[in-house]
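I have placed the structure first, in the form of structure tokens, so that the comments after it can refer back to it.
Note that the chains take the letters A, B, C and D in the order they are written out, and that residue 1 is the start of every chain.
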Amino acid sequence: MKNDPKKLLRYTPSERANHWLTAILFFLAALSGLSFFEPLYYPLTMLFAGGVWTRIIHPFLGVAMLISFAVMYAHFRQFNVMTPSDREWLSHVREMAGGDDRNMPEAGKFNGGQKLLFWLMTISMALLLLSGIVIWRAYFSPLFPLWLIRFSAVVHAAFGAIMIGLLLFHIYAAIWTKESIEAMLYGRVRRAWAKQHHPAWFREITGGGK
Amino acid sequence: MALQSLDITRRSATSTQPPDRRKTQEVVKLIDVSKCIGCKACQAACMEWNDTRDVIGANHGVLDNPMDLTAASWTVMRYSEVETDRGLEWLIRKDGCMHCSDPGCLKACPAPGAIVQYSNGIVDFHEESCIGCGYCIAGCPFNIPRLSKKDSKVYKCTLCSDRVAVGLEPACAKTCPTGAIVFGTKEDMYHHAEGRISDLKSRGFAKAGIYDAPGVGGTHVMYVLQHADKPELYHGLVKDPDISPLVSLWKGVAKPLVTMAFGAGILGAVMHYVTKGPNEVSEEIEKEFKDEK
Amino acid sequence: MTNHWVDIKNANVIIVMGGNAAEAHPCGFKWVTEAKAHNKATFIVIDPRFTRSASVADLYAPLRTGTDIAFLGGVINYLLSNDKIQHEYVKAYTNAPFIVKEGYEFEDGLFSGYEAAKHMYDKSTWAYEIGPDGYAKVDPTLTHPRSVFQLLKKHYSRYTPDAVSNICGTPKDTFLKVCEIIATTSVPDRTLTFMYALGWTQHTVGSQMIRTAAMVQLLLGNVGMAGGGVNALRGHSNIQGLTDLGLLSNLLPGYLTLPGDKETDYNAYISARAFKPLRPGQLDYWQNYAKFHVSLMKAWFGKAATKENKWCFNWLPKLDKVYDVLQVFELMHQGKMNGYFCQGFNPLGSIPNKAKLIAAFSKLKYMVVIDPLATETSCFWENHGEYNDVKTSEIQTEVIRLPSTCFAEENGSLTNSGRWLQWHYRGAPPPGDAKPDADIIAGIYLKLRELYQKEGGAFPDSILNLTWNYDIPHAPSPEELAKEYNGKALADLTDPKDKSKVILKKGLQLDGFAQLQDDGSTSCGCWIFSGSWTEKGNMMARRDNYDPSGLGNTLNWAFSWPANRRILYNRASCDPSGKPWDPKRRLIWWDGAKWTGVDVPDFKPDVPPGNPMSPFIMQPEGVGRLFALDKMAEGPFPEHYEPFETPIDTNPLHPKVVNNPAARVFKDDRAAFGTSKDFPYAATTYRVTEHFHFWTKHTRIASILQPEQFVEIGVELAKEKGIKDGDWVKVWSNRGFIKAKAVVTKRLKPLQVNGKTVNHVGIPIHWGFKGLAKNGYLANTLTPFVGDANTQTPEFKSFLVNIEKA
Amino acid sequence: MNVTRRQFFKVCAGGLATSSAVALGFSVDNALAEVREFKLTGSSETRNTCPYCSVACGLIMYSMGDKAKNAEPSIFHIEGDPDHPVNRGTLCPKGAGLVDFIHSPDRLKYPEYRAPGASEWKRISWDEAFTRAARLMKDDRDKNFITKNSDGATVNRWLTTGFLAASASSNESGYITHKVVRSTGILAFDNQARV
């Protein structure tokens, strides 16, 4: 049973919907955006009915993604406040990656890595939005000086790339950490999983028992 | 296949070498500002030949009109009244695409084949491939391309590539009543410019010279200026233009680096997975929660 | 033009004054830039405005509008007092040595013989002293106190550099610099050319301005030379041709003139025009007047013109006065005209004082407009708000508007400024039902003739007997008409030296005007055009641009009147002994038997050097006139008179005679002049390069390039009035107002004139209430109704206005 | 669950796969760039003279069609005649835009008539136009023609109707205009020479 009530509820249906909406929009924005970044990716425009449509919809996808992300941000910000324990976690991240979690401090609902990712994404999103408006030729570019347009183009490209990098990492982390994807797909996690990966959260939810 | 398709030295958003079999003579349009009377014949001939018609605007307190380059006005005259040691000088410059040897627009363009450079030096926009992103506008050191509000394509001077392709001079060069615009091979135009510069020097313009923008590898539209030391006198003609370092970064080194970084990241992830294995719930905890499975 | 467009490249010094060639004639102006680039020429612009011509000039000299005679008079004074004239030329080829009749005087701004009540001169004292041999007396030493040379010197001694600067507002050092450069061309191997246009003609002293320039050129020996001359840059494509064809009140084709009221006798009419030589041995070509005249009457009236009826002399209307446009609109305004035809002409925009014109048109019974475009004139009765505020229902004028073809839709020839007749071809049919002008004229004529045939009426003879032998009567072909004005032999023509030898068979086209006869055996519609369509074919359509001398005389390109000559007076390019003044610029030379060269000699070809015959063969004295005799209305020497609206209220040279005393001014119009108290700014109207007159506002491209009416004012005046670039301003004169955008510019500088600061307001024409460009006011709303004393050309270039931010 | 994971992989790897394929050279290419088709090929050329100022630049007019019977020519491009000694192929802004004069929306196409006091044009035929004009002329001429002046001299003039001739019509049009106008006795005859 995917929705076995004995399992712990990690993400509510609306949180999941919000996440996947953001994810889909991100993929669309990233794929369409990549096609303008480097000619190698230009054929990606075929996914969007050609170059012109790609150019037209990319900014709207971006804005939609941003709105979706903003909802997510508003919701998850409280769970992503960095604590000293998170910093401790981050300082041991190499061991974690090596498969050795013995020295890792107990993670809450989100571990230090996830929190860092959250904030990096938030910053990237904000910069992508600002720079994206400046280079949105159809509506806004004529309002800005050329130097700012050029600067924003670099910022947009850079943070677009960073964002994709972060997301690749995020995806890999989800793949690597078994059952994470199910958690986001179906909302509930096994208690064992919770205790393994987010012990502090597990205790908080269950009061320490099974 | 048409003649021109083998004459391409550069093609936007194309990492491979385009067909570049034929070498044609490099051409240049030389604009001798000291002979220009600002009659706008070039503007008229440009619209007429290219079948574009700009809107009928308004007077803005100057003789310039249209006030700026647009998708339908690929060249405009720019008038500057400046006081120099010779007294009042009315410097009139024909503005338009400079057809750079190293075109910033082409560098910035993400749409394959929307901007090409022919071996004769002409940088041409191909609107059917243009996606309307406007990156070329950011890429151009001279602020030339203009996006049409109607069809969201960028337009600029083609140096009458269609005329040059059949052996004719551009429409503006042909029409110029005083011969302020001349057209020929780059070598011949240099020679012509030298003659003009020595004439200007003999008339007291000690700093007369040629404007060929080495920062963009030279241009295929060059100016003879009475005051070559101060191009900014000519309605803000860019002194020492080059492709913005930002654009070079953006559309230069960043592209392969980022792609490589992506590749490396993905490869790293795979390696990590196969070497370290997945991050699973430990046996110990699994046992503790046996009932769950 | 005495010379032609390409010839400008041969000049060493070029002066654009009273014109703005770069803007109004850009493609002709290329020969200025060529002269600069390849002939090291110095280019000077003298104008109230720093124009686009000035933008490429080596030297720009500002002057107050309407003061060109003062400036050029100062140049004459400079040349004479610094001895910078070409002596040999002046002595041999001008009337400098001629002795003027006693009684000629000039005092306090008036020449001898002024009749104040009539505003006219009795010109009897403006003449040469005639010797007992019947010829004019001369003093080759030029020292006789009444020699033209000495009188000239005396007359212009008042035009000192200080006086010039005081009147014109030109800084003295700039003026002197101009003089020095002009003076460099007094040597035989350097030439100066003057290029002028309506900036000279549209003044009450316009003709005299041009004369002053011609005098400068005679003194420098630049007339008849390659790269010299006085060159009128005509404004419209065929205004030269239509003037040549005499479409003016007092003219017949080829500068023949209509008889006056008193000229009732045919022989007297002819002899008054066939002048007798004033010096021995002169060719005096006008002695052939009768040949030109009779051939014209044969062309028009054919068999009806006979020796017995004096070649229909009485069929020609006789003038009681000259009916130029100003006179005609005055009469129309008085309600004395009933009908008016406007063929390709938009007088509502082109004649001064628009309010007067609207009132005048409204009094007509009928108006017929023939035009390719919807002109303001044809729509004068339409209400267009502030731009044409008329009460349509009260205007009882019937208007018939007839669509004509444009250049692209017809064959024919146009005569350019350089007197070239060039043939052009139809490229497409006209839009809708439009017809060529000739067909429209034919249509009207044939209906009129039909009515006279049916009904009879007032003096029908001239209408009924007009030659009309065209293949298609209602559509005379341009080819037929061209052949008609070239002329043909009506009988076998024989060699005058050997009567038995037939040189041209009956019915064949004439080779040129030399074959014309006064016995009715030739017909020719326009003698100066004779040679344009000979038995060899259409000479106007020739297209060989071979230029063997490199001087630009392409003799096999089209046809140049007279006799395919490219540079008028070219005999004066050689010294009296027949040697070219400048071996590098040989136009013609004596080859031992005849005159030959790279141009058609303007001389009797077999008269050798050393013969007393002088180069100016159309003049009875054979030389160029520094002293104009009785040919000008206001004096034999040009004198500076202020515009009728002057910003300084006086004439610094003679305060009692401020304006041209011989200008014709109608009473009501005199009352409509403004004074500097109410209208402190000197205004001038002009074209800008983007537009052609009132035509191109109907075309999209030109309307894009300059879409909206504007006026130009200097930075200083703008500051004083609180006007910024692009502000709306109101400009008004005593006759009306216009509103336009302000172009504030450094190119219009205040001038210091007679102790006063004078600002100019520049008013481009081109806008009106019809067309694609933004609607505007017709600029002639402002202009005064007063014209040149000789040509009645309105004074569009100098008047007074006031200006405020609107 | 495995299936799900695979599906997920598919989605997230899709983009990468495409770009890798591109990187390997499977590029979807557009047609290579070509210049605009030269627009004068096949058009008909006619020599003419610019109708504006008196520099009288030589023109070459390019019209649609090859002058075949069934092709209605329409001029679509005009440029300077390079053989012409004066303009040598150049044209000023007015001349360079001449094609817009030929096709100006303000070109008159039909004879029109405005009745006294009317506020509209009415289209009429050429015959109506000529008949009306001639009638108006004749009535005025018959009424006001002056055969003799007060001194009894024959003057044969008609002063109540005037004619303003063109400035740009051909010599041939001008010639026939002069001929007709003088034959009627009109003296109020002028042209644009003055203005």
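Throughout what follows, contacts are C-beta pairs under 8 Å (C-beta built on N, C-alpha and C of every residue); 3 or more make two chains touch, one makes a residue touch a chain.
These figures come from a predicted structure and were not determined experimentally.
**Student:** Starting at chain A, figure out the least number of steps needed to reach chain B through touching chains.
**Tutor:** 1
**Student:** If I average the C-alpha coordinates per chain and also across every protein chain shown, which chain's average lies closest to the global one?
**Tutor:** Located nearest the centre of all protein C-alpha atoms is chain D.
**Student:** With contacts counted as C-beta pairs, which pair of chains has the highest total?
**Tutor:** Of all chain pairs, the one joined by the most C-beta contacts is C-D.
**Student:** Which chain has its C-alpha centroid farthest away from the centroid of chain C?
**Tutor:** Farthest chain from chain C, going by C-alpha centroids: A.
**Student:** Starting from the mean Cα coordinates of chain C and chain D, work out the distance between those two points in Å.
**Tutor:** 28
**Student:** Mind checking the centre-to-centre distance between chain B and chain D? Centres are C-alpha means, answer in whole Å.
**Tutor:** Centres of chain B and chain D (C-alpha means) sit 35 Å apart.
**Student:** Quick one: report the Å distance separating chain B from chain C, using the average Cα coordinate of each chain.
**Tutor:** Whole-Å distance between the two chain centres: 49.
**Student:** If you average the Cα atoms of chain A and of chain D to get two centres, how far apart are those centres in Å?
**Tutor:** Chain A and chain D have C-alpha centres separated by 65 Å.
**Student:** In chain B, which residues are in touch with two or more of the other chains?
**Tutor:** 39-41, 43-44, 47-48, 112, 129, 177, 179, 259, 262, 266
**Student:** At which residue positions does chain D touch at least two other chains?
**Tutor:** Residues 23, 27, 80, 87, 90-97, 100 of chain D each touch two or more of the other chains.
**Student:** Can you list the residues of chain C that touch 2 or more other chains?
**Tutor:** Answer for chain C, listing residues that touch two or more other chains: 26-27, 30, 689-690, 700-702, 705, 772.
**Student:** Could you please specify the touching residues of chain B with respect to chain A in the complex?
**Tutor:** The contact residues of chain B facing chain A are 13-15, 108, 110-112, 129, 131-135, 137-138, 143, 147, 152, 244, 246-247, 249-250, 254-255, 258-259, 261-262, 265-266, 269, 272-273, 276-282, 285-286, 288-289, 292-293.
**Student:** Which chain B residues qualify as touching chain C in the complex?
**Tutor:** Interface residues on chain B, with respect to chain C: 34-41, 43-44, 47-48, 53-63, 65-66, 73, 81, 83, 87-92, 177-180, 195-196, 199, 202-203.
**Student:** Chain B touches which residues of chain C in the complex?
**Tutor:** Going by the criterion above, the answer is residues 22-23, 26-27, 29-30, 32-34, 36-37, 40, 50, 52-56, 58, 60, 688-690, 700-710, 724-727, 741-747, 772-774.
**Student:** Quick check: in the complex, which residue numbers of chain A touch chain B?
**Tutor:** 6-7, 35-40, 42, 45, 51-52, 54-56, 97-99, 135, 137-138, 141, 146-147, 149-151, 153-154, 157-158, 161, 164-165, 168-169, 172, 175-179, 190-193, 195-197, 210
**Student:** Please output the residues of chain D touching chain C within their complex, sorted ascending.
**Tutor:** On the chain D side, the touching residues are 44, 46-59, 61, 63, 72-75, 80, 83-88, 90-98, 100-102, 104-119, 121, 124, 126, 129-138, 140-142, 144-145, 147, 149, 151, 153-195.
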